[in-house]
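Chain nomenclature is as follows: A, B, C and D, assigned in order of appearance, with residue numbering initiated at 1 for each chain independently.
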Amino acid sequence: MNVSLQQAQVVIAAAQARARELGVQAVISVLDAGVHLKAFHRMDGAPLGSIDVATGKAKTAVLFGCNSEDVYEYLKPGAPAPGLELSNGGLMPFAGGMSLRNADGVLIGAIGVSGGAVPQDRLIAEAGVAALGA
Amino acid sequence: MNVSLQQAQVVIAAAQARARELGVQAVISVLDAGVHLKAFHRMDGAPLGSIDVATGKAKTAVLFGCNSEDVYEYLKPGAPAPGLELSNGGLMPFAGGMSLRNADGVLIGAIGVSGGAVPQDRLIAEAGVAALGA
Amino acid sequence: MNVSLQQAQVVIAAAQARARELGVQAVISVLDAGVHLKAFHRMDGAPLGSIDVATGKAKTAVLFGCNSEDVYEYLKPGAPAPGLELSNGGLMPFAGGMSLRNADGVLIGAIGVSGGAVPQDRLIAEAGVAALGA
Amino acid sequence: MNVSLQQAQVVIAAAQARARELGVQAVISVLDAGVHLKAFHRMDGAPLGSIDVATGKAKTAVLFGCNSEDVYEYLKPGAPAPGLELSNGGLMPFAGGMSLRNADGVLIGAIGVSGGAVPQDRLIAEAGVAALGA
């Protein structure tokens, strides 16, 4: 079960609207449940460095079926999986990646956002997730 | 000078409409003049293999400022640049990638399409390019 | 808008003169605003390891439009983006990379320097940036 | 024994002058005998695709101590080493790469040129080699 293009477009449109409200130029990336790119928008003025970061956050979220920042709990100093961030070509274990689930709770993909401060990226991603459920 | 997000969305919408007319499930990728991803849509049912092919065609077009298939003239048997396809992390020297230029003819990016037969991919890319000029 | 070859040569010449004053054998790399190599000099005696470090610092600066060491503020222990250094094929978040801007403040590229102690690399990069504005 | 920065600058200046005479916007790359980048100039207007091609030609020349096009004799249809072009991260076995040797004939590096037609790239590289010997 994968996110459809129509769903991905709804997610991106809502995220982009939230980014504009916040005054953030963001990169917004949507991956499917197989970790493959489904849809992608880079707003004018977003840093080039955010392309890889946004997709990396979405990758982190879909690989483990959680929010990207949740992965930090496993690899932070003293936690049981030091170095986990080096797996899978590099994880991005901080906020802005969120898994997408259907009405039954099945993982269908993830959204990743980068371009603002980390809490802003998280708010933008949340707007995308909320639009999917609406 | 780079393609704007609004321009990229116009290009993708036109290409996607043409793909639907042709009954093709396509991946459509738009890069800027610096070879960085600007916008991307994968239609439902498109082969996963087309993700990299579509972006590779766009890369080929923007790297050399031409259509992706034009690059084949340099590397085909007997041509002066055998092996050129191995450069730049792998070129995709067949139709479906086309450069995007502004009204002054300046290179601002490229579109790459994959998912149908090669001539179909070319028609879909052409629809995207035409929409930019319209 | 990208740094011209003439500008890149002015930047490198000034940086190299500063390196000689400091007794440092440096690698000096200039990227354009699209993160593509524009000009590069490796002074005789510079460590081979500095080739990738210098270009990595310039990449870090242009990807985020700041100095390379500024990126450390986001990823250092306790900061909001742990693991950011793993993005974009590996960042170099310490001094020696500086963005290049035109008279209007537009990002046109970056300089990256490696070969000396980190504060020396920073001084050499500053000399390059200063020459661009002169 | 490696090409010095001063020698690399002489080689690049001569190649660049020849490129201007020919009306070609070229990328000119000089590697040392250990296949590491020594100096690099990208002329304004050169295709981005030429960055990797120019350095790839120089790599091909220094890896085998010959001109880049000489390597084609080993891998062309019917020759004894089919697929050799896939080694070393991808060879560029066509003209524009030439080895650099000191007065005793010792290999000290290579020049690689891309941006014009293949015979033009060869003429530009030859000008660089000639300047080293002068």
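Assume contacts are C-beta pairs under 8 Å (C-beta built on N, C-alpha and C of every residue); 3 or more make two chains touch, one makes a residue touch a chain.
The model shown is predicted, which means the values in this text are computed figures rather than measured ones.
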{"item": "Fewest hops from chain A to chain D - one hop per pair of touching chains", "value": "2"}
{"item": "Given chain C and chain D, the chains that contact each of them", "value": "B"}
{"item": "Rigid-body rotation angle, chain D and chain B, from Cα fit (steps of 5°)", "value": "95"}
{"item": "Greatest separation from chain D - chain, by CA centre", "value": "A"}
{"item": "Pair with more cross-chain C-beta pairs in contact, given A-C and A-B", "value": "A-C"}
{"item": "Approximate Å spacing (C-alpha centroids) for the pair chain A, chain C", "value": "30"}
{"item": "Centroid distance [mean C-alpha coordinates] between chain C and chain B, Å", "value": "32"}
{"item": "Rounded Å distance, chain A centre to chain B centre (Cα mean)", "value": "26"}
{"item": "Residues of chain D touching at least two other chains", "value": "48"}
{"item": "Topology of the chain contact graph, where touching chains are joined (line, ring, star, complete, other)", "value": "other"}
{"item": "Complex interface listing, chain B residues touching chain A", "value": "4-5, 9, 34, 36-44, 48, 51"}
{"item": "Partner chain A, residues of chain C touching it in the complex", "value": "34-35, 60, 62-65, 74, 77, 80-84, 86-89, 91"}
{"item": "Contacting residues of chain B [partner chain C, same complex]", "value": "32-36"}
{"item": "Of all residues in chain A, those that touch chain C in their complex", "value": "47-49, 52-53, 56, 72, 75-77, 85-86, 90-95, 117-119"}
